[in-house]
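Report on the following structure.
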């Protein structure tokens, strides 16, 4: 669980640090980002899967880790996550593979800890 | 409807041309691409929304057009498409906006023709 | 002037169309985008040059056109724009060149019309 | 042949326009770009195939058009170009497909005119 | 040799883990990826150089490491690899430089161990 | 200060290693890159802010670290850097956030050491 734990701690700490700076534009962007994934015309689960796919094709490991964690919180089964991985792989190509490896390693870590 | 029509015709014609070349790798990629969006652990509608979001953050107009058309065929409401647009905008930033303009122009065109 | 005029008209029309949809997230993103380039700790002119460079390395023609127009409104000289073009070229590589060609064609068009 | 002809004319005209501006950095970048594809430790043909693949995964239509034309001048057979297309497709994913369609349309146009 | 060794071990382990999941689409993508670089209308060596260039301009360290290793297995000389690095640098810009540093560090490591 | 120190040492060492290889194209690219940020029609400070914004939207941590250090050397205040961060965030989207976290962590590290 070390990787998921380290990721969360650094994420929390720096988010706080950035928001404390008091830049209105950045604070509002953070609010928009949070709001975008809430239940609306589409349910949160679908939105998290969309966020996961977008993060994979853009190849951002931290974003992928965040959405894998959130997808699981919204009840996504492992098979559903692999469907998202497959779409990201087809859309984004083999360049996505290193990120897929790390996503699956994280997913295994989360499942082993029933987190 | 001209834009949607032109897009489809060029797409069909060139897909045929490419597949007729007989390159096994390319033919198989085409098959994988088609297969990825079929009902599976996730329904086709969710997959098309994921494909749409991925296409927007990667900023590919033709891919966006294709997935907007397919999302509508799978029954996505306009409000659902705007949720996808919003997530793509937040993830991908203002650089997505020109593609969003063209996506909405196409969506309007499709709705005006009840296609 | 046709290209600059067409670009502006489509931009204005679709921006209105998108904002009229009433999606709060998208409306707020638009506001953030506008706000980001206003005079603040850095002057608007510097911010527009930064927006131009970012648009060039991300290779978005519409974004480049918008920032070239805004840079001129903020008083950037042609030589200053070419410095921005040069940095974008060095950072982003030869893949930026086709966009640089179109940026200079637009700039010439704007200068010929003393716009 | 219209597309290849238009592409070349705009390319030549704007290259001249940009170089005439007299910005030393930009002029030197142009020289580096030309030099990179000349025979060296690797032959020009291999280098053009590398440039083509890079252009396809970065999804730049003008760059793709330029390298398709140059690959043919260096004696690449159609089957060799399709191998490059296949690698670009696997590395870059389905997002490359719209560019592949336009590349094949250009290639057909060039072959029909025995250019 | 630690970096090359760690890279290979994680790569092998996670590839196995992903393929064992049994997702047909992902398994087929893996097969396509392997097949694309085999001798065909172009020799494997040329294809690996194309894969290396594509990986550098897309800025994927793991992909670059993999293709540097494979290029050496196919007999690429150091001077040939530097030609590929140069083309990637010109096409992709200074943003490629950090990846070039890591590629050369890996190459040095491989040569020191006559691997 | 460990991160800034490690970054600089690896950067210096590998730059030397690459330039010692003697590839003329690569050496000239390095010279162009250095030259681009010198005082010219725009002051070095503005150019570094442009380089920083470009690096953030292209999501290159090493490039961001380099330009944060250089911006501070050119006298940028913390508030000016946050304006650049904000523009990069708006242009590039939430995918920039992980890089923003690391940029602020580095900036804090630099300020704590009055470096």
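By letter and in written order, the chains are A, B, C, D, E and F; residue numbering begins at 1 in each of them.
Operating definition for what follows: a contact is a pair of C-beta atoms (placed from the backbone, for glycine too) under 8 Å apart; a residue touches a chain by one contact, two chains touch by 3 or more.
Computed from a predicted structure; not experimentally measured.
Which listed pair repeats D-F comes down to matching contact pairs by residue number; over half match for A-C among B-D, A-C or A-B.
Greatest Cα centroid separation from subunit E: this falls to C.
Two copies of one sequence, subunit B and subunit C, touch each other mainly through non-matching residues, since under half of the numbers at the interface are common to both. Separating the CA-averaged centres of subunit E and subunit F is a span of 27 Å. The centroid of the Cα atoms in subunit C and the matching centroid in subunit F are 23 Å apart. If you average the CA atoms of subunit B and of subunit E, the two centres end up 31 Å from each other. The set of subunit D residues that touch two or more partner chains comprises 25, 29, 32-33, 36, 54-55, 57-58, 63, 82-83, 86, 89-92, 94-95. Contacts between chains leave no pair untouched here, as each chain touches all the others.
By the touch criterion stated above, subunit F contacts subunit C in their complex at residues 32-33, 36-37, 40-42, 46-47, 49-51, 53-58, 63, 77, 79-80, 82-84, 86-88, 90-92. Per the touch definition, subunit D reaches subunit F in the complex via residues 24-25, 28-29, 32, 35-36.
Those residues of subunit D lying in contact with subunit C across their complex are 10-11, 14-15, 17-18, 21, 23, 25-26, 29, 33, 54-55, 58, 60-63. Remark: subunit A residues 57, 89-96 touch subunit D in the complex.
Residues 59, 82-83, 85-86, 89-90, 94-95, 97-98, 100-102, 104-105, 108 of subunit E touch subunit F in their complex.
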